[in-house]
Each structure stands twice: as structure tokens, then as C-alpha cells.
């Protein structure tokens, strides 16, 4: 009965969606409104105005930078929500259930991870974050990869080891780097008398202006990368931690 | 000009783990000051626009503060400030100590997001801010970690997430039909678009999604749980402000994006407005009825929110100047009154752990200020003459008469009657039954909890008596929006 | 709304289908994690939809390079929006999963029906 | 040819989604879901959105799935 | 001339890769138990992927792209092997019994466990 | 050549379908992990083919690299947790 009602509702919604889809501008068409109205300017001037070869990067950091700031705030609020629900690990001494089981991960996995971890981190930081303007990739992707690398490290070496390497003291300030980066760059703009998050500062001309803009965008990218990565790491740590296996503070670390 | 900064100012607060309260108070106060300093500007020039990143609207994101946005922003800052002061002492009693910094951080984030939501003029930015305040409000509902709170938060999360996605889907439709994301630009381009059916489906999706966010009748199921179980300042925040964001969403979509006298879509528009009005009418009646049968004070107040939101939406969708003004006025009245009621309920919980209405016998003797504040706010909710709620309801009624919608007249009157029943029942218990506990003299809550409550309740009275402060500009706003 | 047009707009149709599948999962399946999977499917379907809007026949990625004309590039805006959207999706998922953890800790089950049944203290 | 691959990918996408919905072992659901997001990424390269594909790769295959796996292990594996 | 030779090699390597993939799939579908299925997953698939990457390297010629492709191949080798090991180990530890003929005692399982 | 690549990619996709079937069927969780692992490897290859068919693979190759790196994460996570689950039960 309930299922039938749900299915009926779904059918109605589906019919509505299909109706709208049938009336939409055809996919792939070049004359659809979205390709004729705002876009041409982005595509033509995107490189010089937006400051990046990759126009998507230009759009997210420059034209729609405010959105990206919102995005960063979203993951920050997600972090706050998660730690407000689950609490942080205490003094870096928490365990996850695999650690508590006493079985270490196999030597092969550990060796591979030990080898791969620096490579991934290097890849994330050097390649993704700093290279986002010319090729796909950017701060957030770099951050996610950074997060994933730390996750795999934690799986191989255990949560105590990871939290010892990245203690809470270090992570808390790093978590807000993304937002702070945005705000700082915005305030630089304001100080120069232009609108918030404007990168082209008055009084700076020519090649210098380009350099300053690229520098500011890079700062924001790196901020997003580190902030996002650390936020992911913290979320994962908070979810891995188990109260059952909390170590006593007086027990020396393994 | 400084609003972009103002909206972000609170984010600074999250650094400080210690001294979170003064820090966030500072942030909120500065923001409030900046917002209030904009009132004169907006009154002078009707609209203050600010291009973030320095790109003009169709390309960049524009912040645009019109009357509606300003009204919401002032309300958010005012009520938000009060709630923040209130939570200083209260929150210690309900949540774990190590979570308190995160409580303040989340509070600041939700505050920021609501401000941003009310002033942005870019659809996708709208969505992003909506997500921020949704995520933070899920967390705030669940922050106490009680069983019921978790359950309510999860229900809220599912419904909220689905409605967010629906909004995104609708944005996609609209984007494919117009190729723009700026609301005004969309509005002007919709007039000449060849894809009207797409736009009308988008309209339906938008309204359905925001109906969930604002807890309109058939999809209000998340509200009573979430609002009654959250810590009291959070309930007040959610009830007074967050569901108003849903209303604001409906408002923006109906009037800013689509527009009333819009030739191509006017039949769809009108029928949707009609559906919303009827749903609102149903919410009024059912919310009140549900409120009457509740025995828990906070759940009762939460259901009352459903019916009050019904009033607001009914006023807005009447498509008459008076009704619109009344609806907007009810936003103010309800925000203050409902915040006050939840705060009073919070005081009862804080002092005595009382949630049941029956247990409040005679509490008016020992806590006269608190109970008095409750009575004042209840008067406003019911709509008894000198209060703000009265002005609002009067105007809504007036609007109904203007449009000849006599069914809605009956609904409004009946709703008032029913809300009188549930409100005065509580007042009756508080003042006129029981002899008070023996040997207990005045036993009031701490000053920082009492003052915001009192200020809010006096505020409802103030805006009732001096309604002329706000009404002309609301009337103007309504006239502009309806092009009458 | 004929068939060939539907076929031409296949991405749209598929994303609508996925949306409905996700919605079905969220509404009908009792398990909370299953509901979240449904939610994620819905999210990706919407993303697919938006990105498909920006597609151009024979388009190139919106990266300025030699030999790529700007008129050939696909629309970068949906991509920029969806980048934000993915982040939002992950955030929602993370919050929801931590709620799941807490719920399991408190109720000992993730079945929605049981949770509702055991709700009243 | 391109449309054929596209069709295949979409078909695969729907199949993975259906499998993810039908399976009762939640862990398997999470894993199938990672395959689903992988498919999404290919679709995005088909739609010429390399940035998105990269993000989906990093987030969908890495972070989201790990979060799901963590949660499932700390709660329950069976759906009932 | 050399163009054709190169193309022929590309086709050859691609088809080899495809062959291994098909083999892997058949193996996956036909093998009786988990430990047997590990073989196609780790060996055939890696080999197929590597040979495809070789073909693509030829197509790309000597450039940065080739370098990246080789890096991908390297990581694939590394991760496939490690994954296979990790899965096998976890399966063994969680007590998955290898396939055996009815009545024949499989080697690694001790009775008393 | 592009068409050839796309054809091979399509064939590999069909293979991946079959592996997915095994993944849906597989009795133990490890079976599923293996199958999905194979599916992932195959999709990676499809991805590579698609890059080359699109032309300009240089901009896209990072994606494949990220996959090659991250495929590993999920598998290790799952296998590590399965191991401990069993031991926790005992």
C-alpha cells in the first residue's frame, strides 16, 4: 500500500521531469541559451580576465569566487557538525577498532604504503594544488587526495601513529586555512579600495598585476587544499575513533 | 559596501576555542551594527547592490539588498543577537562541555549563512548558503546527543537534503532555459524565452522544495520533532529564522525570479500561488489543532510554528498589497514572538526541568517576568490587538477581503481562535491555577537569560503599537513587487 | 516528446531515472545507510544533469590550449557549479554518516522502522 | 561510435545504481557505489569535464567510500 | 611505412590487452572460489592493463604523456598486487574456506580451529 | 585509430559488465571486493582509451593517475576492516 503510493508519486514526478526534459533545448546544441548568453565572454576572455588557462579554475576562483568561499564554508561546517556530534579524539591517544584488535596490517601493505605515501602527498601538493590553473585539478582535489593518502597511512599504521604525526594542536589551526585564505585575499582587495575578492588591484599595472593576481589565486588554492585535506583527515579520524578502545592517558604510547 | 565583509565577519570566531562566547558576541554585534547601518542607505536608494569580485551581474555574483533582504537581515541580526546572549548560560546545561566551542562556531556559521542567503541575488549562491544553514541546523538539532534528537536530526537531514537537491534540479532547468544564474537576469530573460514549460516545471520544483524547508502542511513532519527536541536557543533560532528562510525562498522565486504579472507563465504562476495558499490555510488549521492536543510545551510551540508559517505564506500568496504587507509583518511578529516562547520554555527547562504543560501550574507566581514574557508573546501569536501579531493578521484579513477570498477569512479567524485556545491554556495554567510552591519566593532565571526574553516580548508589543514604523515601507515593497 | 528526441537527450533521461531511483531508495528502504546511498545517487544524477546541459557536440574541455577555439569549448559554468556541488554532497554525507554512528550507538540499530518504534523513552 | 560508448556507460551507470540499491550487504553496497562513482567519472570525461572527473575520482572513490566503509564497520553490515 | 608498423603494434597490444581482460573475466566468472578468483583479478587484469598502456605509449610517442602512462602502469602494478594480497589475507583470516572436492580435506584449514 | 580505441573500450566495458555481475552475485564480501577491483581496473583502461579517443590525453591523464592511486585506498580499507571484524567476533 505504502509502496504503491510511493511509486505513484514517483511516476508523477518522473512524468513531470520527462515532460520538462522533452521541452528542453536539445543536448549538445550550440544554440541553447546557456551557450549564447553568459558563456562566450568566459570562453573568449577567460584566460586573460580569469587568470587561468583552465577556465573552470578561472570561474571558480575569480568570477564566482564567492561561491567557492561558500563551498569552503560548507565543508568547514560539515567538520564542525561531525566533531560536534562525535567529539574529537582526546590528546591524540585514540584507537580505532583495527588497532585495538592487536593485529597489525601485513608487512607488504605497510611497505607499499610507506613507499607510496610520500609520492601521493607530493603528487597532491605539488601537482594538484599548484598546477590547477593550466590543467585539471586544483586545491580541493589536491586536498581530497591528501586526505585519502593519510587515510591509507592510518589504515596501515594505525590511528595512534597517525594522530601522533598529526596532533590536534596542528590540525585545528590548519582546518580554517581555507576560509582564512579567502578572507585575507578579500581584505587585501578591500584595502586597495576595490570590491571583495577582486584580484586585479588598482595601482598595480602590467605584468606585475598578472603576477599579483596569480599569486593571490595560488594562495587561495593552497589554502583550500590544505584546509580541505585537513578537514577530511579530521572527519575520518573522528569517525574512526572508538570510545571502547580509548587508551588511558597514563599508558605510554605504543 | 561593507556587507560582504560583514556577512563573513563571524567566521573569525571559530578560531578561538576559549572565550568563544565573547568572541562570537563581538562578531555578531559588529555584523548587526553593519547591517543596521545599511537601513538608511536602502531606504534612500531602495536597493544596495555590491558586486563580489568586481564582475557585473550576469558574469559575477551580485549581492543585492532590497527591502525584503534588509528586513530579513535586520531580523536575523536582532533575534540572533538575543539568542546568542541567551545561550551563554543556557547551553552549558544541555550539551557537553567540549562541544561548546563547536556550538558557537555552528551558531556563527548558521548566522552567516542566513545573512548571505537573504541578501544574495545569485541562484547558485542561494543554494550554497542554503546548504550551509541546512547542514549547521542538522548538527545543531542533534548536538545534545539525545536519542530523540538524533532521530529528529536524521529525519530533518533526509528531508532537507532531498529538498536541496530538488532546488538544484530546478536551478538546472532554469539555467538551461535562460543561460543565466542571476535572479534579475533570469527574470528578464524569462520574458522572452522559448522554453516556458521548462521554466514552469522548475517553478513547481522550487516551490515544492522550499515548502519542505518552510514546513508547509503536507511536508511539515520534520518540524515538530526537530524543533522541540533541539536545545531551546536552537529551537528558537530554527523556528524564528531558519524556516523563514524557506519562506524567503518561496518569496524570492515567486516574486524576484518569476514575477507576478508575467505573461507567459501567469496561469501556472497563479495556480501555484493558489496551491500554496491552500496548503498554507491547511497548515494554519492543522498546526493549531495539533498544537492544542499536545501536552509538551515545546512540541506545542513547534506546531504553532507550522500554523504561523501558514499565515505568512497565505499573506504572501494572496497577491494583494495588504495581504503581502500582513504576511511580511507576520514574519517579524512571529520571529520575535516564537523566539520568545521557545526561550521561555528553555527557562522552564533550565530552572525546573519542566516540559509538561500541566506541570507549569502556578509558575507565574514564582517567575513573573518569564511568565509575563510568555503571555505577551502568546498575545502576539494569537493576534490580540495591541501586539504585532494583531497588525499582521489584520492586514492578512484585509487582504482576503480585498481579493474576495472569503474562505480564507474563515480560515484566518478560525486559526486565531484555535491558537487562542492553545496559548491561553498555558497562560491559564501559569497564572490562574495552583497556589505556587510553598516557601518559594521570586525564583527567576539568570539575567542574561531573562533579558533577551523580555526584550523580545516587549518587541512584539512595541511593533504592535508602533506599527507605523514598518508598515509604510512594507506596503511600498508589496506594491513594487505586485506592480500595482 | 517523441522517442528520438528522448534518445538524443539520453543523459537527461538517465539522470531523471537515477533521480527517481535514488528517491525511491530514500523513501522506501528502511536502512539508514541505504537511504544515504540513495541520497548520493540522487546527488550524482543532478550533477550529471547539470553538466550535460553544458555539453556541446564535438566540444573540447574548457582549457585554453593551442588549436582549441573558444567556440568549440563546452560550457565551464556547470562544471564550476558541480565542483561546489560535489563538496556539498560530501559534506552532507559526512554529517549524515556521523549521525548514523550516533544513532547506532544509542539505538543499536539502523533500521528506520525499529528506531521509530523505539523512539519514545 | 562515441554515442555507443556513451550508451554503454549510461547503461552501466544505471546497472550499478540498481545493484547498489538491490544488494543487502551494506559493505557490498558501499563498494558497488565506488564503482558507480567511477563510472560517473568516465561519463564526465565524456562530457569534457576533466576537473569534475578528477574530483569525483578523489572524492567518490576515496573519501566517500572510506567514510561509508568506516560507518558500516562501526555499525552493522546487514540490511534488515 | 613505420607508421603502419607502429599502428600494427598498437592494435596488437590493444588486442592482447583485450584478450587478457576477457580471460580475466572468464576466470572470474568460472573459478570456483575466492582464492581462485584472485588469480584472474591480480594477474590477467594487471597484464591486460599494462599491455594496453604499452599500446597507448606507442600511440603517444616519446613525450610527457608517456611518462605519465608509465607512472600509471607502475602504480597499477603496485596497487593490484597489494590489493590482491590484502584481500587474500583478509579472506584467510576471516575464515573463508578454500574450495575443495567433497570429502577432501583442504590444506590450510586446521580441524581444531 | 580513434574508432578502434573506442571499440576496444566498448569491449572492455562489456567485460566490466560481466565482472559487475560477479560482484553482485559473489557470495562473500571478498568476492565482491575482487570483482569491483577488476571493474575499477577495467574502467581505468576505458578511461585511458577515452582520453586518447578524445585527443589531448595530457590534460586528462591525471585522472587515471588518481584512480590508480585511490583504488588502492578503498581495497585496503575494506580488507583491513574485514580482518578485524572476524577477530573481534572470536
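Which chain is which? They are A, B, C, D, E and F, in the order written, and residues in each are numbered from 1.
FYI, a contact is a pair of C-beta atoms (placed from the backbone, for glycine too) under 8 Å apart; a residue touches a chain by one contact, two chains touch by 3 or more.
Keep in mind it's a predicted model, so treat the numbers as computed, not measured.
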Remark   = Per mean C-alpha coordinates, the chain lying farthest from subunit F is B
Message = With contacts counted as defined, which of the two, E-F or A-F, has more C-beta pairs across the interface?
response = E-F
For subunit A paired with subunit B, centre-to-centre distance based on mean C-alpha positions, whole Å = 31
Query = Just how far, in Å, is the C-alpha centre of subunit F from the one of subunit B?
reply = 48
Task = Just give me the whole-number Å value for how far the CA centre of subunit B lies from that of subunit E.
result = 58
Ask   = From the C-alpha centre of subunit C to that of subunit F, how far is it in Å?
value = 20
Inquiry  = Among all residues of subunit A, which ones touch two or more of the remaining chains?
reply    = 17, 19, 23-24, 32, 34-35, 38-39, 42, 54, 56, 64, 67, 70-71, 74, 77-78, 81, 85, 97, 103, 105, 109, 116, 128, 135-137, 140-141, 145, 148, 151, 235, 239
Request  = Send over the residues of subunit E in touch with two or more other chains.
outcome  = 75, 78-79, 82, 86, 89, 93
Inquiry  = By the touch rule stated above, which residues of subunit B touch at least two different other chains?
reply    = 124, 128, 131, 135, 138-139, 142, 145, 169, 175-176, 181
Query = In their shared complex, at which residues does subunit A touch subunit E?
reply = 103, 105-106, 108-109, 112, 115-116
Remark   = Seen from subunit A, its contact residues with subunit B in the complex are 16-17, 19-20, 23-25, 32-39, 41-42, 62-67, 69-71, 73-74, 76-78, 80-81, 83-85, 87-88, 172-173, 176, 179, 183, 186-187, 190, 194-200
Task = Can you check the complex and tell me which residues of subunit F touch subunit A?
result = 58-60, 62-63, 65-66, 69-70, 72-73, 76-77, 80-81, 83-84, 87-88
Message = Which residues of subunit D touch subunit C once you look at their complex with the stated criterion?
response = 6-7, 10, 13-14, 17-18, 20-21, 26, 29-30, 33, 36-37, 40, 43-44, 47-52, 55-56, 59, 63-64, 67-68, 70-72, 74-76, 79-80
Query = Where on subunit C is subunit D touching in the complex?
reply = 10-11, 14, 17-18, 21-22, 24-25, 29-31, 33-34, 36-38, 40-41, 44, 47-48, 51-52, 54-55, 59-63, 73-74, 79, 82-83, 86-87, 90, 93-94, 97, 100-101, 104, 109-111
